[in-house]
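Below you'll find a set of structures to go through.
One chain, chain A, links the two complexes that follow: it is found with chain B in the first and with chain C in the second.
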Partner chain A sequence: MTAISLRDVRKSYGGLEVISDVDLDIETGEFVVFVGPSGCGKSTLLRMIAGLEGINAGELLIDGKFANDVPPARRGIAMVFQSYALYPHMNVFENLAFSLKIAHVGKPEIERRVQAAADMLQLTPYLKRRPRQLSGGQRQRVAIGRAIVREAKVFLFDEPLSNLDAALRVATRIEIARLKERLADTTMVYVTHDQVEAMTLADRIVVLNAGRIEQVGRPVDLYDNPRNLFVAGFIGSPAMNFLPATLTFENGSTRIERNGKPLVTTGFTSGGRAGVQNGTLGVRPEHLDLASPEAALFSGTVDLVEHLGEVTIAYMRLDDGTPMLAKFDRTRELEKGEILHLKAEPSDLHCFDADGMALPRR
Partner chain B sequence: MSEAPTQATNPARRAGRMLLLIAVAVLMSYPLLWLIASSFKPESLIFSDPGLIPAQFTLANYLEGWNRLGVPFGIFMLNSAVICVLAIVGNLFSCSVAAYAFARLEFPFSKLAFGLMLLTLMLPFHVTVLPQYIVFQNLGAVNTIIPLVLPKFFAVDAFFIFLLVQFIRGIPRDLDQAAEMDGCNKYQIFWHIIFPICRPALVLVAIFTFLWTWSDFFSQLIYLNQVEKYTAPLALNLFIDATSGESAWGMLFAMSVITLLPLFILFVLFQRQIAEGIATTGLKG
Partner chain C sequence: MAQDTVEAVITGKQATRDATAASRRGEAWAALVFLTPWILGIVLLTALPMIGSFVLSFSNYDLLSAPRWVGTANYERLLFSDPRYLKSLEVTTVYVLVSVPLAVAVALIIAVTLSEATRSANFFRGVYYLPSLLGGSVAIGVLWRQIFGSSGLVNISLSGLGFQTTSWIGDPRYALWTLIILNVWQFGAPMVIFLAGVRQIPKEVVEATIMDGANPVQRFFRITLPLLSPLILFNLVMQTITAFQAFVPAYVVSDGSGGPIDSTLFYTLYLYLEGFRNFRMGYAMSMAWVLLVIIAVFTALSFYASRFWVHYES
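Then we have the complex of A and B:
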């Protein structure tokens, strides 16, 4: 069943359109992650679903019912704020119980639900504390607890982990993954900047750019088959290498040349295109491997080497001046100024036309 | 600020600063100390022996002064207290509601209204006294406490509203929105979230309202004209007999000390909250 549908939704602030033409269906129980560069409208879209921002045009359906004008509290939606937004003058118990108190839920029922949420999030020892007496991670759990207590059908998270340090972020991410398992019927929409959070938590990722959806898909689909240059560059870390290439479309297939030399690839179809275009060839740093000079697709000089422990990243400059990153196992000893010859599996190459759209593979 | 620690470690400078502060403190509080000392002296010694240590100690001023005006002085204190309590309740309620509206709600001409309200800060009190008096006279409310407390329920103290607006603007809007998600309407957001969080600012409002109302002489003089309804400051005025020049100074001083007592107690009790309020409201320049 569809929990949330956005139909051609738009939002502008005084003439400036920040959300344009967003069409999206989120299934019940699904975990959807919004990613995109800062200012692309992720929070705005989330807050439109929550009801905290109005919708200028288009329709929002919740459980199939028109919900543009339904007040936030009646949408069956709970939200976890980036700043946690805990009420500073209430203790943890009161924070958790607040929505139920406002809804006139009976005392025993409030006790039961708060206790259940506190148990689930290991907050029981802190119920009497004020938010400022809690650590960042504990505050985060209280914020999530507030959503759980309401037994909302939909949880919205706006960058919930961005205020935590790296270790705690990993721990809390795993908690959220567990929460997702326990609350399998709860639909979750999650905004993040973090690639790892998006890849690990999401059933589907929505890539936003300048208020538009660039692509929606399972994490691996976005990784393997980005629809355009933007998604290709956004998903994956370090980002995909882009190299200028000349594309010639002939008889439904594509020939790729770099610096006048043809490249052997498993065929990209032309997708109906014709003629010659200046396109882009894409290859991920982790898909590059050392090769003999004769078999190499790319050759370049190492500018800088970064040792990250398990992997080593080489920042290179190709013969024609294009920068390129390659990721190797740590077993590889690399030196600055060294000339590397690299190859990649043809199936790991991506090709984009002059408009930045990916060419379909055969 | 950065050099404060080095100064503090220099004992000579520290002692010098201490002496200076003590000197200033004594200088500032000398009139008050003199008032207290004089209230324990027999009437005849007040001006002939103006030192701080009384040559002769007596409680007569207190005992006599308490009942001198035909009505026990406690009644005047009570009258003052009633007016103060009502004024505080009125100000806490009305100024915070008004401030919430200015800080958080969007309504037509809200900016203009806020500007006008700030303008009233510059309006001298004396300009409005006469028209106000006529209004209350027509309402038949003169010689009651209504003119003194009723306006407080309609957010007339622009300064407090301004103070609270600034404070509320500092509260993250996420809290309002979290409360909205939790099912609160605007009134509930105000009552359950904004009002309690404003506590440090509200303490200031309450204390300043108390101070200003307790020591207000002018408007109480205008509106109250029966001795039984008099407040403490008005009662103190009765000890000064301007026509015969035979004022009961000793009793005046004694009753003044009693009148000051609540202020003193208040400051001792709420010192911490006052400091906190001044720090968090940005009242300090």
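Then we have the complex of A and C:
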């Protein structure tokens, strides 16, 4: 069943359109992550679902019902804010109980629900403490607890981990993943600019750019089959290498040349295109491996080497001046100025036309 | 060689210590030079007059002849045998207890209403602040007489509507209330402080209350009010101190008499009349010291009570 539907949704401030023609269905119990660069509209879209921002055009359906004008509190939605947004003058219990008191829920029921949420989030020892007496991670748990006690059908998370330090971020991320397992029927929509959070938490990722959806899909699908250059460059770390290439479309297939030399990269269809285009060849740094000069797809000089322990990253410059990153397993003894010859499996190559759209494979 | 190095290091450290000490001495002198005008000001214009007035409050002093030591007679008279003094205390207490909470409440309500940053809100902020700029002046006192006098604006309006009129400032039942209204009307300064406070409430906290289903009234009482409580305390204390010392409006409206029938005889007005009309300086000074104690007790009580209702962020 569809929990949330967005149909041709738009939002603009004055003449500036920040959300354009967004169409999206989120299924009940799904964990959907909105990801994109700063200013792409992901938080705005989340706030439109919450009801904190109005919708200029299009429809928002919650459980199949038109919800554009439904007040935030009546949408069955709870929100976890980036800054936690706890009530500083109330203790943890009062913070958790606030929405229930407002809704005139009976005292025994309030205590039952608060206690259940506190147990789930290991907050019981802190119920009498004020927010200022809690650590960042504990505060974030209270913010999540506030959503749990409301027994909302949909949880919205607006960059909930970005105020935490690196170690706590990982720990809280795991807690959120566990929480999702326990609340299997709860739909969760999560905004982040951190693609690791997106890849690890999401059932589906929605990649946004300049107010538009670039691609929606399972994390692994976005990684393996990015729809366009933006998604290819955004998903994956370090980012995919892009190299200029000449594409010739003939008889439904694509021939790729770099610097006048043909590349043996069978498998890309023309997708109905014809003629010759200046396109882009994409290859992820982790898909490159050392090769003999004869078998090499790319050759270049090492500019800089980063040894990260489990991997080594080489920053290279190809013969035609194009920068390229290569990521090798474990430590490799590479030196600045060294010439590397690299290969990649043909199935790991990506090809984009002049408009930046990925070419389909056979 | 090693010995030389050690000595060089020691000598170097000694030189650094000397230079640091010299620079600290220099800084101390500079500080003293800059502070001197203010230290002199505090000693000559505040501390010495205060000590002088405290000493003179135990004397009879008419400005013309030398003060005569009378011990605690002034204080005894104040507290036990001067009905006019007790009347002035009563008038001032009513004035403070009614006008200060009202002014602070009005300031808070207007500030919350005007907290949205719209163009009209900016305009009204300026308009509402204006009375505070003019409020303490003689001109406003005169204006108040015109408004609440027997042929003033209020009466013209009332008679136009068919109501019975009275001289509001001439009637001892109402005269003090016109001054209370004047004080409430000057809510601009606390309003500006509340406005700054309302802006400090994080937007996400307000949004969290919206998501939690709180309506604007619940939001005001459960979130805005507690979060502004330190500023409410501040404004109450500051307004109380100012109101206890109110002088000009009562002086102007009552022509310096505190009338009708002492109904606007503010504490400081009676103090002024005793000191500068009746030349009982010693007595006036004892009144000033009692006022200081009253204000100190009020302030201390406010701070003591604040622990039960003021929320501090840190």
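We adopt the following convention: the second predicted complex is superposed on the first by the 361 of 362 C-alpha atoms of A that agree within 3 Å, B and C clash if a C-alpha of one lies under 4 Å from a C-alpha of the other, contacts with A are read in each partner's own complex, and residues count from 1 in each chain.
Following the convention adopted for this analysis, a residue touches a chain if its C-beta (ideal position, glycine included) is under 8 Å from a C-beta of that chain, and two chains touch if they have at least 3 such contacts.
Just so it is clear, the model here is predicted, and its values are computed rather than measured.
Three-chain overlay on chain A, with chain B and chain C in a clash.
In the overlay built on the shared chain, the residue A:65 is in contact with neither chain B nor chain C. By the touch criterion defined above, A:132 lies against chain C but remains apart from chain B after alignment on the C-alpha atoms of chain A.
Judged by the document's definition of touching, chain A residues 50, 52, 72-73, 77-79, 81-83, 85-89, 98-99, 102-103, 146, 150 lie at the interface with chain B and also at the interface with chain C.
Listed in rising order, the residues of chain A touching chain B in the complex are 50, 52, 71-73, 77-79, 81-83, 85-89, 98-99, 102-103, 146, 150. On chain A, the positions that touch chain C within their shared complex are 50-52, 72-74, 77-79, 81-83, 85-89, 98-99, 102-103, 132, 146, 150. The residues of chain C lying in touch with chain A in their complex are 202, 204-205, 207-214, 218, 222-223, 226-227, 229, 311, 313-314. Of all residues in chain B, those touching chain A in their complex are 172, 174-175, 177-184, 188, 192-193, 196-197, 199.
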